[in-house]
């Protein structure tokens, strides 16, 4: 995964504390144990920006990049938080991954920064 | 964008702290990266007035003015807050922009004053 | 507008603090800028009475009186509070005006006494 | 109105503080200003008993007795509280009257003891 | 009524404070004033066990035993609490009886221990 | 029951406190009193991991293992908590068992650690 | 009951077949077997007018007249149909009486003309 | 079971075909195989009367009579139809029994006449 | 599987065509390809009986018998129809199997007789 | 795409006409014009089998194979029908593709055989 895909734009309103919530209902990646078993999730990112905003088209390409990656539910959710925090250095961020049912089991992972 | 479009009327009840909530479900502007990609949002403005109230017809013309403007989601939301704060000098204001899905991604931006 | 229309009846239970909530879903007045544009709202009055109760039929006539009056959303909501406070001298009152959509814009105004 | 209709039964569990909520959706009385205009309401009584419980069939007859009585919304709600408090001497009681729409106006009255 | 019907099983997890909620939608008993008037209720028992758990089949037989018993709403709800407290000596218990409408009147009784 | 079925994977993000919620709608075991009476439940596990994450496929096999086991509702819910706590040593865990109706009675058991 | 209370107004649009639905949620009368047992219902009248329309205020007085009348559910519903058919001679009419629960039993009566 | 409990009243409107729907949510009887296992159902009777109407209080007593009777779901539903048809000789009747879950199995029985 | 588990009782109302709908939400069997992969379904049986009715407790034991059987979704649904038709010789029967999601795929099978 | 992935099992109940409905909510493929733009859909297959049934695990692998394929909405829906018809030679089949929103546009494609 290449997190340099993530592009940012300047936050011209950094004098204010404000909140941005981004919902990505079409996330998919591969199961690390069985490559032929894709996983599906809805990812929600909530953040208070500092000097940078995420550019939404680059976020889309970043998300599409997970499509061929083998990764666990918990790691993918944390990875999105880490990459976005590295790119944006936000004042606050939360990432929630709501994973579709597998083997009769459904999982939700929720991570916060800082 | 010409924020002088915004007209105000005197608040004859400035002796009271009271709340006005305005919902604008039909906001549209253009994507700054691809001019042929219009964006759609529902904007909600909540404020406690001081000496001035927003005149609603002028607010409608102000909102319509975004139609041919290329502007990011975050900037548009902050811009509406800034222009309304400049025109009204309210005791409190919050602007929320609920943006429709683009490239499989949905965004909500929320800004407060002061 | 003639607030002498408002009639009151004695509160025989003034030894208790109790709450009365009145909902008027059929309020209508005229737009001060375009007389041919009627506005519609649902008005909710919540109060704790002192020595007087509002007589409901007189409240209906008072409300009907707004029908041909040109008045802003904010002023109408405040005016109802002021007139009822003058007539009832209640221990507490809140008036909420929930105005129907006009030109793609919806407004809610909320005022409290004291 | 004859509040001696109200019968009570001993509360065999007065060593506990417990709550009883009684809902009466079929309350009706007459409008004091126009006898041919009946009013309808749903009455809710919530109480913590002391030594006495209300006997439900006598409560039904008590409620039916309002059917031919001319009484204001606020008075009826307070009257029910006063009569039940006199009969039961409860540790706590609340009476709520939710009155059906009249002349386009809806009213809710809520009274507490002590 | 014979509360010796209630059987218990040892709580092997008494080192933890945990909560058990049991819902019984099919409770029925007889009206003490008119034997031919059965009453119906939904009973909910919530408790934190100490050394004993209620055995569910014995609870079912205990509940069925009310079927031919003449008992008031308030007494039945308190009786269930008392019998279960005696059998289980729980750390906490709440019993709620939600009684079906009779003579146009609906009643909810709620009792707690300790 | 063999809790060595439970496999774990390292939590590469143990520097963060984050939450994982796992829902298992297809739990079934046998009634300890009547072996021919299977019981059904939906189990929900919520935890904050420390150094280990539960591997979901092994959790599925662990859950399937209850299929032929005779166990009470309360014990099964506590057992799942105990086995997962032993395998994961999490910072926090809650297990909720929502059991289907038996003999007209429905049960919910909820246990927390620590 | 005096059905001459019912007043009509001319249907100026008798050249068209059109439908009128009137809902009366506040109907009450007395039980013919126990005078102290009032009954409550919601009455719905649906009709296609011929030369006459029902005048609504007279319909209200007509309905209020049932308040002190002892009458069965079925007869009341049929009586309203018969009186309205006699007064209006409509092309079609249906009267539905939705009676509140009595003794744990709920009744709906539905009559059509012709 | 004594179907002579069922009383009828004359249908004064037998010149019309009209429909009566009666819902009885509080039906209970005993399981013929295990007397200590009561069954619960909601019974719905829909009929077009001929010369007789069912008197509702007698229907209540008739229904209460099943309380101590051992009878299968299918037989109880058919029995209610047969007894009501014998008493009323209606133009049409349907009886539906919606039985509560037993052993994880739910049953609905529906019978028509003629 | 032993379909002789299915017991029947005589249909005392075979002179009528009537309908019985049985819902079994707790069906489970094993996947023929991977024995450690149990499947779950809700089965609905709708039939018009001739001379025999299914005895519900025997149906429960019959259903529990699938618990350890390896069988495909389609075969299980057809098998239930065939066994019930053989035992009951009904005038009409439909069996619907609504199978829970497996590998991201959900299946519904519906079979009719005759 | 290799339709030989699709495996079948014999239909042991080919003497009956019965219906199988398969829902696949996690279908994804690539946009033929922009390879970096994945598409998402829910696919529903309804069929009446002849001599063969689709084996569900092979169907899952077949569906996963579209993941890296560039294909239009209409072609994908038709391709699934063609491949399943070739493998199963069913008596009847319908495939419905419900595609997620792209550029503010949502598409549903529905194909039938024969």
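Think of it as A, B, C, D, E, F, G, H, I and J in the order they're written, each chain with its own count starting at 1.
We adopt the following convention: a contact is a pair of C-beta atoms (placed from the backbone, for glycine too) under 8 Å apart; a residue touches a chain by one contact, two chains touch by 3 or more.
Since this is a predicted model, take the numbers as computed values, not measurements.
Novice: Does F-H or A-F have more contacting C-beta pairs?
Specialist: A-F
Novice: Taking E-F as the reference interface, identify its repeat among E-G, A-F or A-I, namely the pair sharing over half of the contact pairs by residue number.
Specialist: Most of the E-F contacts reappear at A-F.
Novice: Determine the centre-to-centre distance between subunit C and subunit D, using the mean Cα coordinates as centres, and give it in whole Å.
Specialist: That gives a centre separation of 28 Å.
Novice: Taking each chain's centre as its mean C-alpha position, how far apart are subunit E and subunit J in Å?
Specialist: Whole-Å distance between the two chain centres: 53.
Novice: How far is the middle of subunit F from the middle of subunit J, if each middle is the mean of its Cα atoms, in Å?
Specialist: 36
Novice: Hey, how far is the Cα centre of subunit F from the one of subunit G, in Å?
Specialist: It comes to 60 Å between the two C-alpha centres.
Novice: Of all the residues in subunit H, which ones touch at least 2 other chains?
Specialist: 25-26, 40, 100, 102-104 - these are the residues of subunit H that touch more than one other chain.
Novice: In the complex formed with subunit G, which residues of subunit D make contact?
Specialist: 25-26, 28, 36-38, 40, 61, 64, 67, 100
Novice: Applying the document's contact rule, which stretches of subunit F touch subunit H when the two form their complex?
Specialist: Interface residues on subunit F, with respect to subunit H: 37, 40, 100-102, 104.
Novice: Give the list of subunit D residues in touch with subunit C in this complex.
Specialist: Those in contact with subunit C are residues 33, 72-75, 77-78, 101-113.
Novice: Can you name the residues of subunit E that touch subunit F in the complex?
Specialist: Residue positions touching the partner: 9, 11-13, 16-26, 49, 53, 56-57, 59-60, 63.
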